[in-house]
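All chains are identified by letter, namely A, B, C, D, E, F, G and H, in their written order; residue positions are counted from 1 within each chain.
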Amino acid sequence: MPANMMPRSALALALLLSAVLSGLGAASAQATGILSKPAQQVKENRISAKNAVLLLLDHQTGLFQLVRDSSVTDFKTNVLALAATAKLYGVPTILTTSLEGGPNGPILPEIRAIFPNATLIPRPGEINAWDNTDFVKAATGRKKLLIAGIVTDVCVLFPTLSALAEGYEVYIVTDASGTFSAPVRDAALARATGAGAVLINWFAVACELQRDWRLGPNSGLGLAKLLSVYLPEYGNLISSHSAAVAVGKTSG
Amino acid sequence: MPANMMPRSALALALLLSAVLSGLGAASAQATGILSKPAQQVKENRISAKNAVLLLLDHQTGLFQLVRDSSVTDFKTNVLALAATAKLYGVPTILTTSLEGGPNGPILPEIRAIFPNATLIPRPGEINAWDNTDFVKAATGRKKLLIAGIVTDVCVLFPTLSALAEGYEVYIVTDASGTFSAPVRDAALARATGAGAVLINWFAVACELQRDWRLGPNSGLGLAKLLSVYLPEYGNLISSHSAAVAVGKTSG
Amino acid sequence: MPANMMPRSALALALLLSAVLSGLGAASAQATGILSKPAQQVKENRISAKNAVLLLLDHQTGLFQLVRDSSVTDFKTNVLALAATAKLYGVPTILTTSLEGGPNGPILPEIRAIFPNATLIPRPGEINAWDNTDFVKAATGRKKLLIAGIVTDVCVLFPTLSALAEGYEVYIVTDASGTFSAPVRDAALARATGAGAVLINWFAVACELQRDWRLGPNSGLGLAKLLSVYLPEYGNLISSHSAAVAVGKTSG
Amino acid sequence: MPANMMPRSALALALLLSAVLSGLGAASAQATGILSKPAQQVKENRISAKNAVLLLLDHQTGLFQLVRDSSVTDFKTNVLALAATAKLYGVPTILTTSLEGGPNGPILPEIRAIFPNATLIPRPGEINAWDNTDFVKAATGRKKLLIAGIVTDVCVLFPTLSALAEGYEVYIVTDASGTFSAPVRDAALARATGAGAVLINWFAVACELQRDWRLGPNSGLGLAKLLSVYLPEYGNLISSHSAAVAVGKTSG
Amino acid sequence: MPANMMPRSALALALLLSAVLSGLGAASAQATGILSKPAQQVKENRISAKNAVLLLLDHQTGLFQLVRDSSVTDFKTNVLALAATAKLYGVPTILTTSLEGGPNGPILPEIRAIFPNATLIPRPGEINAWDNTDFVKAATGRKKLLIAGIVTDVCVLFPTLSALAEGYEVYIVTDASGTFSAPVRDAALARATGAGAVLINWFAVACELQRDWRLGPNSGLGLAKLLSVYLPEYGNLISSHSAAVAVGKTSG
Amino acid sequence: MPANMMPRSALALALLLSAVLSGLGAASAQATGILSKPAQQVKENRISAKNAVLLLLDHQTGLFQLVRDSSVTDFKTNVLALAATAKLYGVPTILTTSLEGGPNGPILPEIRAIFPNATLIPRPGEINAWDNTDFVKAATGRKKLLIAGIVTDVCVLFPTLSALAEGYEVYIVTDASGTFSAPVRDAALARATGAGAVLINWFAVACELQRDWRLGPNSGLGLAKLLSVYLPEYGNLISSHSAAVAVGKTSG
Amino acid sequence: MPANMMPRSALALALLLSAVLSGLGAASAQATGILSKPAQQVKENRISAKNAVLLLLDHQTGLFQLVRDSSVTDFKTNVLALAATAKLYGVPTILTTSLEGGPNGPILPEIRAIFPNATLIPRPGEINAWDNTDFVKAATGRKKLLIAGIVTDVCVLFPTLSALAEGYEVYIVTDASGTFSAPVRDAALARATGAGAVLINWFAVACELQRDWRLGPNSGLGLAKLLSVYLPEYGNLISSHSAAVAVGKTSG
Amino acid sequence: MPANMMPRSALALALLLSAVLSGLGAASAQATGILSKPAQQVKENRISAKNAVLLLLDHQTGLFQLVRDSSVTDFKTNVLALAATAKLYGVPTILTTSLEGGPNGPILPEIRAIFPNATLIPRPGEINAWDNTDFVKAATGRKKLLIAGIVTDVCVLFPTLSALAEGYEVYIVTDASGTFSAPVRDAALARATGAGAVLINWFAVACELQRDWRLGPNSGLGLAKLLSVYLPEYGNLISSHSAAVAVGKTSG
């Protein structure tokens, strides 16, 4: 879905219409008061840009070829969606790779393009990123670690176990992680949750960060735009809605 | 399965016959005494119309298009079956929607038709219904929360986690909840059960409420009728049975 | 999807709006002239209410239990959708059953309700309906036979082969026919097409009969209403569209 | 489903009831006249005990382990159902095996038990049974060859091609034939149908031989009994029906 | 797999050979001493004929039609295999049914045939068998309950929860239990294991009862015979093995 | 895969390297002579920009929601890949929509963006685009019609049958067409091929147009670039290859 | 399955035993006379080492990553099995690659190892191998072309269409060919068979070449050895058989 | 993938190149210092050749035929990969079999070939290997037990439960264990994890043993070579990478 081929004016119109008719434009002004449940928030300990860091592990063009527990296009779209989510909400993101000069290949160029200035730790040999001091130093400023990578059963699981052992909270973003087969994935996730990890998907990460459609980047339009790029079925809802609203205006 | 197209007289006959020959008619009179195990009942803490509330979250016509972890017709039938179950047994039901005027679309008209007078909380922006004070007030009169909605990993999961954190018992009705894919559903349900939620399906909700075929609405005929509408394989059993009984009577 | 539970006024509004904004209301008046390609029509020999008959074979409540090549609810919905399509467009329909008093069970009551006055040939023993003189007499007034039934490999296939041998054109409505498994279905359809049968699904039957949204029963609203009942994903499109148009009118 | 463990008296009652109420008992007396369409019959050239022979190829206990395009139990049941069908209707049956003393193993004992006196051609080396003169001699008394075996792509396909080349009509009984995977099966069947073979399943074979429930072995009871053993879902219909008829008689 | 059609002599030979060459015949005499690890046995608390009871819930011919999470033939074979296992090892077995006279249908005749004298509790209305005093009395002489039934999410799950609440150990025999779909099954089993139930399959039940091939009914031949009837792939191993041994003897 | 987020310089480098080392740069100069088999070319009648037209039918944002025979993201990517292919090779493309103002929704904005100046025929009601004179006029300048659309069984199939009846060659681009389910798709494609249509996928269209990597837009780099955007697994091959070549250069 | 890790002596023993007891050793001497049906052989026109050539197209290590219509290990094993089959029977084999120096990668080393001296045509740019004069010259000495490659819809299909157009007989070895998905494969094979190609799998190729277990390389032991390496389920049959024969000899 | 057919020199070159360009050669010299986190290592308690033993249970050629929860070739490759992994890193390995002389068959010859001198305990009858004193003695020198076998629900599960009960840590290598179906596997693994077992796959075992690409057998080349044999998709990455590096060197 090459976003650069989208008719920008049409898309902008669609989003604007959606925002207006759902009352977001008017509502966002007063939205500052809506989250007045600090006690609950603390208790629930939700993911936010202030308490979490995203760790993208070994999304390399060679390793990508090993992923067989989902369609290639679906998987790549999920990975980029997670990256774009982190960027949208300002969640700090650390990249790491394993032996980029070898068969594992370079990091997916589209990921690097989303985070041109992010810290990238090229690991000279450690399979478990947590064995690399530089990575641990970069990754551990916050308590909540959002982890995704290739392959789920090694590159994701090993640092998950290490981080949990040191007291961090680990959220594995399952649909932005991939491996050889569904049974291998399920076994790896069973080991991870058994050790205390939480499973999540990129859409839930985005919604947990957004919290309220009237808040967030650009008062909700940021998320709407991100969904229209990475979640085609939702993008279609927006386009259809905008067109129908326009019909209504004309005939109104 | 448009019930209004059913031959009412034939259906009534079928149900009547089924009831008679399975002894329900005769048995229901004495049925008042059968559940004399109050201690056990309390200990097991079963779902009943007195201790539970049904929360239907964001079953909106736009969001419906996102559901890909079951067939569309199966999913819609399950959702309506759950709604009809709550209505049959008198379980109070709260509806809520997210940005109805926008791409998410209006609530499924058939749901609204089943509960024309139920409380419906249109949320102006909160993704987690539990962040909306009105919803929480409406939803929390009872200890047991039956929750279903779209999508499982956000609209169902988020209030589940919030309610569990506040000490409520949460039953996620899995087959009346839908999302993008089976792996996403599984990951979300793993997080929910890890936090203490119980998984259930609509048929089990109905049976837990009915408890005994000789009790309940219309002494069991209420459930039989509901099943014949929403569970075609069971409806076929009833029709075949009634026809065979009639054959027996004629040849008897 | 119990249609009788639908909020009729809401649905009517939705349909009306859809019709108006897509220009059907205005267009239907002039629509009489649009199909001025009689030569092509004859050459293509499309299905119409004048040249076709629908044969529904052995959709009985016992035999229904044998169908395992699709979900039960999906299959029943498809069968009723095909029946409703024939009724909407006035395609004559013949029903037949095999040993209704025995384990095969009675005809699905909902089918009989759609066609309370249709000819129903109860076959006393013939497995191939074409072996029953009464059925053949009833079925053969037209050249095009639309056939659906249970099970695909016998009740559908046998009369298909017989009718093709006598020079009729046979369209097997595949998704309103069911059998034990997908491989059995595929083998049966291979034998049918090898003998000259054409495969079709109920939605294509409806569209081939409708030809143009500005024509047909109620100038297109008949089909829209049918789809909103039997094709939930399309019904959702209509509901979402109507709601969005209403938003546009209000804000216009 | 060990039939020998069935309560014989209950089964007999069930079948008897089914027969009586479906009118088979009364009808069978007059049934001799019902197939008075000789011309059509010839034209359609249906399978009968007079024009067909069943060839069971290499259903050996070693080769069985290679079959992965269906469940083991389903496949074995289908094979035995086909064998029992041939026996019920008196279709002559020829058995052949490939290198029984080697890894391919002996013929499935249950098949041999159904046909203790049938001709069995042990092939000393020929992969294509048609290369064995004895087999061809035994197999070719009739024009219609019903063929099933292991594996579909070799033991079934090769003699199919040979027989078609010599002018025989070949029906491959697909669900009593098995091989390594569904794609391999599909490719083999494509080659077979491209050469003129017809695909069929065992249930269709049985129904084509039965033609009318009032005819055949034991006036239809033979088929009913066979189905109750090899087609559990149909056996359940018979049991349920009989029980319901009995209820009706009692209450009638 | 109609066992009564098996060539008994051939099968007997096969089993005898297998036993002889695997040394069972010679070994069984000394086998009495092999389980000299009583401490471990107690600690592990394995299933035995002395501490367990099998509860078969609602395996009725009508309810069978609802099972869609496995093939019909596979499921029926599993149910009968479990029943035959209990009989082989002398595990006491309790049967119960729900409204046998109605659409649920009679108990599967083959089950009744295996246990002609077992206690059968026909429940007049209670959905949860544990609500029926007679059933609880019959079912609770032992600490370990092996439970299987239709449907998994109600008839199996409800008494499981009740029994666990009263301190019993519950083993759900998953492959002899069935329900509407795999996701419904998975949700039900998640609730069950969350409450303390253990999941098991019939083959593991048999092996846990057998413990050692040199012990048990007929010194291991009982299990071998059972497997050859209900597990075709293992039966084929036995037949192939016996034939090969015979070849060796001849050529030796 | 938002191409606009790709690191352009990195991608360019990758492509350049690939081209150089596979000898395309050097070879393209002499490539003018390689297709000197005009006779064969005519005989084979391959697709080219001079003899074919692409017809994109009803790829509208509402109808997209009906597609369930592939993942949403995969399908959208395939549709855009086909559109980009036509643009790359200069195959004239005609767009058409059905009732854009209604529930079917507007044309997918990304398609319109690729063809901002292409002819778009909005059909006021005709379901079969071939019934619209303007469309037929626009579509029929060439003999070969490449057709894709939503849904396969109606919007693609109907004009396919009409065009074949008038003597055109129709290629259905199957993976850029979508519908309700795989069985419905298969039945529709069987009808189409039975009438003479050819099945093809977008990648084969691209390769048939490219013919030789040394020819075509930008001497092969055009196709390489297109694949790197729409076929992630191939894009990864290019990235990995370029990185490895660079390693070799450095260490060489 | 690294054959070099096999216990050679054990395997040799197994094969020898199998051969002896199936009578191959004795039979092979007289086997020269068994195929005395020359007329039939010609008519059937079977594949032989004298009339066929194997064309392996673009089995390159980069392109391998694109194959998603089967498991990677299964596919690679099938490809090598086909290669080993050709080598065993002496079917001439031509290799070709597309842009080996680029992202498509080198030919699979294991293939090259099987055919160290075979003609390998590196195509400098032609996508359709038939456009390369050298390849056509090498490939066309015989009438029957066995074709396999990556991807099925292009590298296999294009030369198939070209060769068929020039009058060759083309057999596509489907399980040694791979592509993006099952639907893409099916569409490509439909186009191929529509043009006259025959579908086959590697096991059928081997069996068609072997014809009789008493003939062929090493009087049948060549094929047995090949199967034990590339078809693990058959290899297991051989090992089990040999062990059981040995048991028989000892106890005989 | 018969490794012995690989072009050794080509493979060696590929591996060497990969090693060189990823800096392994240079890095391995300094690698001794990298794992200076002994405290963490102990706390995490990773698998190593010093604290673990591999138990391979009943991978016998007869039992192999029972495995249906994965493809045969995939499963066998996984089993051998696990064996080769243990050998590469020097993890002590114990083999055991159940009734080798009977239908279960001999141990897979390829496994025995990898461990020609390993302890093999032939169990004369005990189903649970833990009931065999010799096996327990051989298996229990270390705290961590890596267990794989056939079938998962018995031969793997039973000793797992026994070992856990005695305080051992059990890792079930899921993809080197097999059984009748996926649901049976899932139920067995649920029971195992409920009792404290950890799930793992062979690739994760290898990576946990390797820890760092610069360490281990042959400074990382050992693992690379193992992967190129047993993980074809990774082997292809290595081959492609080496070829591309060579291209770069030439053109650099």
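In this section, contacts are C-beta pairs under 8 Å (C-beta built on N, C-alpha and C of every residue); 3 or more make two chains touch, one makes a residue touch a chain.
Quick caveat: nothing in here was measured; it's all calculated off a predicted structure.
Q: Where in B-D, B-C or D-H does the G-H interface recur, with over half of the contact pairs identical by residue number?
A: B-C
Q: When the centre of a chain is set as the mean of its C-alpha atoms, what distance in Å lies between chain B and chain H?
A: Computed value for the inter-centroid distance: 47 Å.
Q: Find the geometric centre of each of chain A and chain C from their Cα atoms only, then give the gap between the two centres in Å, rounded to an integer.
A: For chain A versus chain C, the centre distance works out to 45 Å.
Q: Quick check: what residues of chain C touch more than one other chain, meaning two or more?
A: 21, 62, 65, 71-72, 101, 103, 105, 233, 236-237, 240-241, 244, 247
Q: Go ahead and list every pair of chains that touch.
A: Touching chain pairs, listed by label, come out as A-B, A-C, A-F, A-G, A-H, B-C, B-D, B-E, B-F, C-D, C-E, C-F, D-E, D-G, D-H, E-G, E-H, F-G, F-H, G-H.
Q: Can you list the chain B residues touching chain E in their complex?
A: 18-19, 21-24, 27, 31, 34-35, 37, 40, 43-44, 69-70, 174-175, 182, 185, 189, 193, 198-201, 203-204, 207-208, 210-215, 220, 231, 233-234, 236-238, 240-241
Q: Please output the residues of chain E touching chain C within their complex, sorted ascending.
A: The contact residues of chain E facing chain C are 65, 68, 71-72.
Q: Contact residues on chain H for chain F in the complex?
A: 20-21, 237, 240-241, 244-252
Q: Contact residues on chain C for chain B in the complex?
A: Against chain B, the touching part of chain C is residues 1-7, 10-11, 14, 61-62, 64-65, 71-74, 76-77, 80, 84, 100-101, 103, 105-106, 108-110, 112-114, 116, 229, 232-233, 235-237, 239-240, 243-244, 247.
Q: Give the list of chain D residues in touch with chain G in this complex.
A: Interface residues on chain D, with respect to chain G: 62, 65-66, 68, 98-99, 101-105, 124-128, 131, 151, 153-154, 157-158, 161-162, 165-166, 180-181, 183-184, 187-188, 190-191, 194.
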